[in-house]
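There's a structure below that I have some questions on.
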Amino acid sequence: MKTTDSAVQIKNPGQNQIYAIQMREITKTFGSVVANKKVMLDLKKGEILSLLGENGSGKTTLMNMLSGIYHPDEGYIFINGKEVSIQSPRDAYKYGIGMIHQHFTLVDVFTAAENVILGLNDGSKFDRKEVSRKVSEIASRYGFEIDPEKKIYEMSVSQKQTLEIIKALYRGADILILDEPTAVLTPQETDKLFAVMRNMKKDGKSIIIITHKLNEVMEISDRVAVLRKGEYIGCVDTSETSPQALTDMMVGRATTLDIDRPDPVDPEPRLVIEGLTCIDHEGVKRLDNVSFTANSGEILGIAGIAGSGQKELLEAIAGLYPVSKGTITYKPKDKSEMSLVGMDPLLIKKSGIAMSFVPEDRLGMGLVGSMGMTGNMMLRSWRKNRGFFVNRKDPNQLANQILKNLEVVTPSTEFPVRRLSGGNVQKVLVGREIASAPAVLMTAYAVRGLDINTSYTIYNLLTEQKTKGVAVIYVGEDLDVLLALCDRLIVLCGGQVSGVVDCRNITKEEVGLLMTKYRKEGASHD
Amino acid sequence: MDLTSFLTLFHSAVVFGTVILFGALGEILTEKSGNLNLGVPGIMYLGGISGLTASFIYENGNPNASGLVSALLALISAFVFSALGGLLYSFLTITLRTNQNVTGLTLTIFGGGLANFLGGMLQKFSGGVGQVKVGKAADTFGIYIKSIAGTDTSHPLYAIFGYGWLTYIAIAIAIAIFFFLGKTRTGLNLRAVGENPATADAAGINVTVYKYLGTCIGAGISGFGGLYYTMNYIGGTWANDGTIEALGWLAVALVIFATWRPINAVWGAYLFGIAYWAYLYIAGLNRHTLELFKMLPYVVTLIVLIFVSLRRKKEDQPPAHLGLPYFREDR
Amino acid sequence: MTKANLAHDPLIRISKREDIPMWKSWLVRIIGLLLALVVSGIVIVCITHINPFMVFAKMASGSFGSWIKNTNAAGETVEVLTISTKRIWVTIRDIMTLLCISVGLAPAFAMKFWNVGAEGQVLVGGIATVACMKYFTGLPTIVLVLVMIVVSMLAGAIWGFFPGFFKAHWNTNETLFTLMMNYIAIQITSFMVAVWENPPGSNSVGVINRNDQYGWLPSLFSDVPNKDFGWNVIIVLIVTVAVFIYLRYSKQGYEISVVGDSVNTARYAGIRVKKVYIRTMAISGAICGLAGFVAVSGASHTISTSTAGGRGFTAIIVAWLAKFNTFTMILISALLVVLDKGASEIASSYGINEYVSQIITGIILFFLLGSEFFINYQLKFRHNKGAEPPAAKPVQAPAANTDNEDKEANE
């Protein structure tokens, strides 16, 4: 190091020619929440860098400041050694940065080609054929498949992602940022994507891939940068690190999952699902002949790649998703039987079935964001009392109880839950669902976005319910947690059950294999 | 109905339809940018009164006034003041993020008030209700090619060529908007802003600029509807009878009826015109039932609205982000 | 910080406010209102060239009395304000009608349902009232009034039912739907006016039952009809309080809030969303229909296409500004009506036309709407970041294996 004077470096960009991007002291806050705090990041030219971190560690926010969606409150960004200010996505393209967001930025009613040229104004004539030709050319260079004239609303998720990458390349992006690209892909599609990424690297492109899947980090990247709770932890060469070392960086301390798992006591079938098939409004089979039993006194885990039918399964049981075929039978303690198919949540409740459900979309389905804790407690109890008016006294008591027991941080029980942090929102939701003394408790991604401590609080709450004899269904994404917390595990793959396993006698690798095991109709893969 | 009376009906339908066609075309452009501007009646009021006032100031007390200049002044001032109305709406909804419905309705109240107030002033100035007259401008706007169309109002050629030139400008604007939206990059960008502003933003499109321009130019075009009404429909005078407001809402209806397609709006407008005037040609209608008959355009629009929502065809839907605000850092 | 960089930073950045104390938000609104008054004052002064302070004095007095020219002892002409009970009652009556419509919109808006069809709902309520006055002859006043209330509410409820039904089942755009329903109602009104025309050829219904005042809402404090409008006040205030309680403390009100926040959450909680949509719109329409009754039986005693007179639209803005709080609506309705009367007073005493009041209303509403922005958002102006940026030196990795590259990069 010969100089610390940035002005010199700005005048002599040659000094940093090997770096495509350098971010320094980047701070970004949203209201009182600090998303990034004095973060640094380097991306070398022609490398694949993994940006690793838990949910909520500020990875996406940091990248959004490169793509011009956000602007940093403080800090400096250097592109090819030159200090820049990226005010808008247009600026980002100007500097050769293209970001593929997790939520695709495509216009539904436009064709692929129209989406590709959106916002471009290079003065050339608007010639659809020429655009289509160029798109096909890029596709063949890197090994994509795409139909330029197809409308977006007719495309699969993977096709949309492909299109996003082509869009960035078409605009001459040299630096590509992919935000959790594999979350929505099947293993085969992931392999294809990685092949394309390697092709792009060969072509001299620099790539940042945001992920929290360690196996992918090890497989695809040259270096790994780690963020934790909005702060920069460090950067290592992939070849010189191990998943364990990365986990340590990611979570701050070695995590040997230490979840207390008592053996189930007198398990008996509580919920029996047979041949459950659900078809969405576009005619796609979301669940295909799913059968399993949830027992009392045990935690039944559900594993699978995102979008394998987990959401639909829980919602179908809760009466929120239409069932095309199959049966859902509730068997209470007195050995009677009740079919849940065709019931909506109100009917289920009126039939006296104590079912609790912590949905994936907390504020969009489980809670009313604009109401305080009390109003949200009422969501389960407002029908209970007789008469025309609501009873606010008991819900308020319950709210205070949850606030105390689960240590919810909120100014008051009337403070809108929308403005609480993710962990506190989840405590309110889980607390309420457990408070109604359920016989069946379903949770979807109950610890997503929560810090380790809150996650453990949730695990303990679920285990406590299990020992009380509740049939707990736990949909999760972290295999380590699933295997340590649950008694049995159902693996979903493409809407089908690809395996039911005992969590005490199986390895993570075996489950991983089941998650990607496809049973194509007509052709036997097994 | 015989051909002669149909041709006469058609002629009045086109004149009627052109008023709402201008209104609807402007609103289509505006709505494609994602702004649901319920201020169309107010904007048409602004267009009508500002055009009239400009011609009036020029023609009044100027015996040598040129009809062409007078008409040109009316055109320019109608566009400018209507676009200013659109600018006010844009500033409030885009920059200050007020609710679009509420802001649009306020603009309708304001525009109507301003226009009728100025109209009243003009009437007072020229000696009473019905005394306002901008003859030269109105004559200029009424020019059509007599050598082709002739003067026989029941002749087919008259039914095609016998309208003031603004009538054809309306059709030309419809075709221009059709090409603009479908065949140009800027049009594509504008549609993207109305469908999915976050995506447009990420693609480097300046959402704010597009929304402002779409809304202001759209308002300018809508304003021609008011101008056409004062100059061609009632012949260069002012009437405080609230007709422009009613036609303004009909223009909003026409946008839905046309499923946001400018070419559909053209025949839709004439169809509305036929529905509006048809009572004159239907035997057995009396003064009571003709009022019910005038309900037809609205009922038909309602049916189209229901039908579109039933069929759920993607291409027929309103712009996906219509009526919603966009704020990049909203989370 | 380099100059080049500074120039690229945005001058103003807008961000959402976390929270704003009550007093501050009201302060912003009051400032907005004052600015609006100043602007309207300027407009009026430009038109009339009168003393700006007189403008406000006149506007304020428009609702309570009128200025009458007198000659004083010195022979100068002076204007004297004469307070008129009649005028005050008319002002109160008009406030009540606007308030009733706004209150009717509150349930729909709380559900985030854009009912812009109040104009039509008021009209059908009015038509129903007139029909009762004409056809249900020979009933005691109290019975007739009750019948009219029920029938007008029913008519409004039907007008609200349709958009609610189609929204519930096919997600048909309610803004456009209710807008169309307005004009259907207007044409039906024209039709009924033609049917009930009196005298023939006048193209109006005229004052109904002028002689026996049958079906007129009586005065509360006197036997003389139209002496006061006490019953209007009582009816509308009952509705105002009832809707407030309904929305805040009833189970149905709770359902409305949940549906308004998130339809999915409502489904999750076992709320029948379709039913809530339809029921709430019927209620909303019914109260607007009742406003039609108040406007006809309690005020004009006639019907025309201008019976609603744009108040259906003004009420939307009132309801929106009041954030579904029906008591705040009293304030805003009063403000708008008093200003309207004030502008009319100015218009009549200076011989300018009455549409000036619409202009003033528009200006006031624009400012009130605009002030919401400063309540919900805050502006951050560009400030100098101060310190020099640190050198763009590659980050030290915790595992010390990037050191070599480090040197390469900087030497």
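Just so it is clear, A, B and C label the chains in written order, and each chain counts residues from 1 on its own.
Keep in mind that, in the parts below, a contact is a pair of C-beta atoms (placed from the backbone, for glycine too) under 8 Å apart; a residue touches a chain by one contact, two chains touch by 3 or more.
Keep in mind that what you see is a predicted model, and the values were worked out from it rather than measured.
Asker: Among all other chains, pick the one whose mean CA position is farthest from the mean CA position of chain B.
Answerer: In terms of C-alpha centroids, the chain at the greatest distance from chain B is A.
Asker: Give the identifier of the chain nearest to the protein's overall CA centre, each chain being represented by its own CA mean.
Answerer: Answer by centroid distance: C.
Asker: Hey, which pair has more contacts between C-betas, A-B or B-C?
Answerer: B-C
Asker: Whole-Å distance, chain A centre to chain C centre, using C-alpha means?
Answerer: Chain centres of chain A and chain C, defined by C-alpha means, are spaced 43 Å apart.
Asker: Cα centroid separation between chain A and chain B, in whole Å?
Answerer: 48
Asker: In angstrom, rounded to a whole number, how far apart do the mean CA points of chain B and chain C lie?
Answerer: A distance of 26 Å separates the two centres.
Asker: Quick check on chain C: which residues sit in contact with 2+ other chains?
Answerer: 15-16
Asker: Provide the list of chain B residues touching at least two other chains, using ranges where the numbers run on.
Answerer: 329, in rising order.
Asker: Show which residues of chain B lie in contact with chain A when the two form their complex.
Answerer: 183-186, 188-189, 191-192, 195-196, 198-206, 314-315, 317, 320, 328-329, 331
Asker: Provide the residue numbers of chain A that touch chain C in the complex, in ascending order.
Answerer: Listed in rising order, the residues are 1-7, 9-10, 15-16, 18-19, 22, 24-25, 31-32, 40-42, 71, 74, 76, 78, 81, 83, 85, 87, 232-237, 240-241, 245, 249, 318, 320, 344-346, 348-349, 357, 359, 361, 363-371, 375, 378-380, 382-383, 388-390, 419.
Asker: Once bound in the complex, which stretches of chain C touch chain A?
Answerer: By the definition above, chain C touches chain A via 2, 5, 8-10, 13, 15-16, 18, 249-254, 257-258, 261-262, 264-265, 267-272, 385, 388-395, 397-399, 401-402, 405, 408-411.
Asker: Can you list the residues on chain A that touch chain B in the complex?
Answerer: On the chain A side, the touching residues are 30, 67, 69-70, 88-90, 92-93, 99, 101, 105-110, 114, 117-121, 126, 151, 153, 167.
Asker: What residues of chain B sit close enough to touch chain C in their complex?
Answerer: Checking each residue of chain B against chain C gives 36, 38, 88, 92, 96-99, 101-103, 105-114, 116-117, 120-121, 124, 240, 242, 246, 249-250, 252-253, 256, 287-289, 291-292, 294-295, 298-299, 301-302, 305-306, 309-310, 318, 323, 327, 329-330.
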